[in-house]
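These are the structures in question, set out in turn.
Common to both upcoming complexes is chain A, partnered first by chain B, then by chain C.
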Partner chain A sequence: MRHKQNLVEFKIIRDRERCIQCEVCARQCAFEAHIFDADAREMESVDALCAGCQRCVSLCPTRALTVIKNPQEFRPDSYWTKNVLQGIYKQADTGGVLLSGMGTDKIYKSYWDRILLDASQVTNPSIDPLREPMELRTYLGAKPEKIELRSVGKTRKPRLAVKLAPQLRLETPIMFSAMSYGAISYNTITALARAAAKSGTFWNTGEGGFPKALYEYAPHTIVQVASGRFGVHSGYLNAASAVEIKIGQGAKPGIGGHLPGEKVSRLISETRMIPEGSDAISPAPHHDIYSIEDLAQLIGALKEATRYEKPISVKIAAVHNAAAIASGIVRAGADIVAIDGFRGGTGAAPTRIRDNVGIPIELALASVDERLRKEGIRHRASIVAGGGIRNSADVVKAIALGADAVYIATSALVAVGCHMCQKCYTGKCNWGIATQNDYLVKRLNPDIASERLSNLLKAWSREIKEMLGGMGIDAIESLRGNRLRLRAVDMTDTEMTILGIKPAGESL
Partner chain B sequence: MKIKNTLINARGADYKTLNEKIRAAVTANGTARITLDGVNGQRFIAAGLERHVAIVVNGVPGNDIGAFMNGPEIFIRANAQDAVGNTMSGGLLAVAGHVSDAAGYSMRGGLIVIRDTAGYRTGIHMKEYRSSVPTIIIGRAARDFLGEYMAGGRIIIFGIGSKIACGNYPGTGMHGGAIYMPSDKLPSRLPDGITSANVTTADTAVIESAAQDFARALGITRKELPSTKKTSFSVIRAASNRPYGSLYAY
Partner chain C sequence: MCGIIGIINLDRRRFSGELIAKGLSHLKDRGNGLGSGYAGYGIYPDNPDDWCFHIFFTSEDARLKTEQRLDAAFKVTKKEPLPVKPMTSVKRPPLIWRYFLKIPAIRPTSTGSAEEREKKYIFALVMEINSSGEGAFVASSGKNMGIFKGVGFPDEMAEFYRLDEYRATAWTAHNRFPTNTPGWWGGAHPFGLAELSLVHNGEISSFGINKRYLESFGYHLALQTDSEAILYLFDFLTRIHRLPLEIAAVALTPPHWEIIDCLPPDEKKLYTALRMIYASCLINGPSALVLGFDSGMMGLNDRIKLRPLVAAESKSFAYISSEESGIVAVAREKLKKIRHPAAGEPVIFKYRPTKNQIKPVTNRDGSKTGGHQS
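After this line comes the complex of A and B, so read on.
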């Protein structure tokens, strides 16, 4: 029989003069790439087991370790790349579907990086956000077609005569996107929940259920109802501030998810309400949704079950027909449409789907916003864009393209220690994020992690204010769908038409 | 103590209005029984209700009756439509007739009793957890893909007056729970990934208790159902609780 192909992605370089055989690297590596050779009294490393997560490099007290990309594994070829060959070898060995964690790492054009922002000069002067109030507060939910006021009492105080639909109040237009307890650790969701509460925004349970111990953060929690309906019950729906129906996810449009039985620990089993060790299978479709009418039915059932007190969100992956689908979603009665671009992350997705299915969020977002406006129904739902939002500039551009708020997840995980090794699906996350192994989970301190998340939101919010001020805008509302403040570089006419923006150099 | 009965006329009312009336009646002190007259296709009846209250439905309710509910005992004196008891957590739904597709979708607890026939994908995604074991009992038969992706709970079919107890491919993608039916009424096509076997003593006790629940819920006698002593029953179970464990290259 032929030998299994050795897939050596990384090379571990140990500086023998610096190494003090303290075994920190061995203890830190769940992939077991480092071992202590007792006979030789030396640390040894196995390159083939390395995930490239940099945990050992970061924690080595004498800085003796370096992990680099393995330089000489395959003959360089720009078409049959190392990744392509590795995939074929692995599948020839196992007959299995290739898995990946995080968002796609393939080179696709980034539209964020080809969009430039405007700033005021001389006329319509810029605003100093250090001195002037800048409004980032955002309300998500259906807005009334028109406002009517009535006067009340002797003083004829004006009062709203229109009954408002339930709204989510965000102090900054950034929320933490759905990541389930199961895909990520208990400490990580705790950190997300705390940071959302502290920063006046929301975290999203994903489809992994909502642990009772975190119900104190319910006023800052969005719960998901996905095809597997894990952990969904009346109490769950009513505890949350909003309910999100998950139709699709940017990293894997059109397919479901399997949480393997070995990750279904006691605590996971409690929140998902399934036996320990049993697979948690979320199939591709909701089996009661095959049309917009069916979707309207689930939205209706959830609104009835929560007595019309909570906004209902519908999350879809950004796909070719997203605009028409979003129109249907709004007409089906959703209060929020969440769109997840193809760069969105995941705990596990078939690699070929992650890398080849879906479209960039920039294009999907612009076309959805445009379509809803044209149909005169944009006010009936808020739009939340996610999938590859890396910094505050991406947020500003997303809002100018028509989003009310954004979802971030990968950025949030990076903030708490993720080094993007893409091995989330192994459950061996050395940073204590995408794992259920108690020994590894402890590595992420929820106090420190929530502090880091709050810092990230604070910093981004500050930067958003600076960019708004520069444009002479003092409220995030005035930026929403304000595509005149965007300009394109290095784009085709068609791309600019879809995004609804002008080329750089062309004035108003 | 006299049981307080509230009569609600559902004629011409949309589902929102009807549900508001039901919720008001449930919150009103002492109401233990609600009768809905003239129900005609209103959806979401009693959705999300968490009180222990009896509801009698006269007429045909629309889709999603009892969705997410936990506690009520609903008796439907007619046929019902799609997704009866969708994701319900507890309580009872008894239907004196047929139901359409996806009854008990992702049901987590409680009991659904269907006197006659259930549509496609009945009991899809049913799940159990500890003492919360959802159960669906069907008098006559169910259509194809019964208990698809079933992860827990029990489905019992008696096959009364039918040559087969369910359509083809019951238990497709199943990874927990059990489906019981008379051995001579198994469908001709079974999916991969399940096992079909003769029942054990413990299984027989489950079927017997289901027969009693069925009779009690529909107000008939136990004798109208097949005897567990004279009829041979089969049970379908998942071959593995990790049906797709070997799908991926790790």
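After this line comes the complex of A and C, so read on.
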């Protein structure tokens, strides 16, 4: 009954003349879409099991395989689409909540793609990043509104009179967003940690705990305190460079998380501090945070626990009232506000939530930055924007809208091999990323993966420098919040008002 | 492209506006006739303690409305149309009036010294008038100083404003080649706010964030130009945040991180903190400027010196100019120490401490006025 009603998503095409029956495809596919038919002495494929991850296509030594979208359609209907029908069939089969991995793939307007950057011509020269210093260094954390000086010595030399709040120093304004050990493999987090250290930025443990073996990367590590409190102990908090309280995630605002017991191996049980094989359930809210006052208390508790030596970040999903919430978070004492847009990725989220809850990061970021400035508290916290940052141009636009830095996660996973098949929640990731299966985990070499991640950050940083130079700017802080260098195409007046940018064609 | 020049007599001897006009005319190629202007310090020895407003009006109606505001806020000691020479080459000048004003006793609710309170009062009034939309623009608002500017070449503006009739201890001047905003009277340089005046050659690429930063502290950028923003940044940092001018200059054009990283620990801390705290004050992109203030003037270049700036001294004068030719043309004494300041390096000339103050400019005496930059 099931398979008869649902269409398969992909079609595997095997070129029989090229196939040498080597069985590489069968070994590579954890979804078991390829099998060797011993009787016929031929490789066979089961389309229905294919996730479309392209692993077999990439590794087939004779290039005999092609995986395409199944051209078979239901009767065309622009409202009752194939996806809608498939979902209903699946739920009628199982009575279950539909799950998805990664960020929403629905067609929502992308504001990044409707924002254009400025460049200098004649009156204000562009700056050549190959000749002049081009500064991307960024400090995240609370800054005082004004500097306090004292004079020393006979010459009355000015000196800094007070100690500043703790800061994170980034050599490029891009950090790796929270992904837990458990959701992704040990090799993957190792690669993220090494790349962050090499590139002078930070990776984020998510709620997966911080394996002791990776403490050498602590100066480049942000640890998370989420609703399940997994892996949180004083050593964990004090090892890190910053602590992030996770209130929400862009892919699934308002709900928690669930790591199935099958994935809780010995090492994961150690880092998460839960019994081996038990489910790790992160509740929807923190059960000690039911109000902004409660959040202020947790921020205070974490500052006490870390002797006021680490910035405390609070991460929220981009929701309708993000600006007011962010204002409250800053007033509650957070040093960093991280906002995660609705296109942000996830290891597992209920599909309907992933596809329908939250707002675009561009709009949330712009409104948060503006609100904090209007209230005169923008200096009291840095803003980190994440959730769908795809390339260096997105980074530049985010910073011009008001972000101090961005978080990337999906882009980072793609850099190490992810092909966005959205099956992270199955634990069968053929690329060795979102899996705890030793046989699959080995596929991701942390040395190679960390180099690929460093390369990505290097490439984006170079591109950011080129774009800055083109705008006649040689320090990233002169771009931050500088919305005059952005223009909108194909937007409504209201959207432009929210983003604080002018239409293309309108000059200064 | 624009031309800027400043001349200061370090002994506070006053000298004629003809000299600065001559210097600026040597930079004629750097402008296009769409704006020129002059700021003179110490020009009103008869009313040294009054706040002097030079105001442009688009109409008589605008003048009457604004005068109501002035009457309500000040004791008007004297008011008059600014003496000008009508010229065929000077098209459609606004109505230009001059007011000498005294501030009534300010309620001691606000903090700071009497001088700070007065400046705060002036700031509020200038912002109010310039943002009122009533057709009035305050061109200058300092004590014993004034700004004379408009649309025309340097020599035309000097003649129009009868600059040869004024004598100042320091003059700054600007010849404009406008790029972003159309040439109009208010948009010409110098820009002034209380005793500060600014002439600027450049176009800053950080304007968007400089402006947002200033607006969050109540500044109204009437002209939407980067030069106005720079003036307000100096006002903000020296008046509100009470930073020494040298430190304010670092905040605006800080050294690169690669230099800061090599400084001794204490300086490294200070410069790092300045860049972190005043990130939104950094003026990025081409700039050469001369800032005039109570006790002297300062020249400053952007961080990678994208505009020319030359400084020189003689026995009793100091000069800052876009081009050396402007200095050579007006130097009365043998020039020494001709130098080209490095990127981001402020050049500050202050009046020497005087024993025999030449009267009647005692009002410029630092000890008496206690200016925060001295």
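Just so it is clear, the second predicted complex is superposed on the first by the 495 of 508 C-alpha atoms of A that agree within 3 Å, B and C clash if a C-alpha of one lies under 4 Å from a C-alpha of the other, contacts with A are read in each partner's own complex, and residues count from 1 in each chain.
In this text, contacts are C-beta pairs under 8 Å (C-beta built on N, C-alpha and C of every residue); 3 or more make two chains touch, one makes a residue touch a chain.
If you're wondering where the values come from, they're calculated on a predicted model, not measured in any experiment.
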Based on the shared chain A superposition, would you classify chain B and chain C as clashing or fitting together? fit
With the two complexes superposed on chain A, say which partner A:I127 touches: chain B (first), chain C (second), both, or neither. second
Partner chain(s) touched by A:T62 [first = chain B, second = chain C, both, neither]: neither
Please work out whether A:E304 is in contact with chain B alone, chain C alone, both, or neither, and reply first, second, both or neither. first
Thinking of the overlay built on chain A, is A:N356 touched by chain B (first), by chain C (second), by both, or by neither? neither
Per the contact definition in the header, classify A:L508: touching chain B only (first), chain C only (second), both, or neither. second
Output check: A:G376 vs chain B and chain C. Expected answer is one of first, second, both, neither. What do you get? second
Partner chain in contact with A:T81 - chain B first, chain C second, else both or neither: neither
Go through the superposed model and pick first if A:S291 touches only chain B, second if only chain C, both, or neither. neither
Considering only the touch criterion stated at the top, classify A:L164 as touching first (chain B), second (chain C), both, or neither. second
Enter the shortest inter-chain Cα distance between chain B and chain C once the structures share a common frame, rounded to whole Å. 25
For the complex, give me every residue of chain C touching chain A. 179-181, 202-209, 211-212, 216, 224, 240-241, 243-244, 246-247, 256-258, 266, 269-270, 273-280, 282, 284-286, 303-304, 306
Touching chain C in the complex, chain A uses residues 120, 123-125, 127, 132-133, 135, 137, 139, 143-147, 149, 152, 158-160, 164, 167, 373-374, 376, 378-379, 471-475, 477-485, 507-508
Please give the residue numbers of chain A that touch chain B in the complex, ascending. 90-91, 93-99, 227-230, 232-234, 237-238, 258, 260-261, 269-270, 273-275, 277-279, 281, 283, 287-288, 297, 300-302, 304-307, 350, 425-426
Going by the contact rule set out above, which residues of chain B touch chain A in the complex? 15-16, 19, 23, 43-44, 47-48, 50, 63-64, 67-70, 82-83, 86-87, 89, 102, 105-106, 108, 121, 124-125, 127-129, 132, 148-149, 151-152, 173, 175-176, 241-250
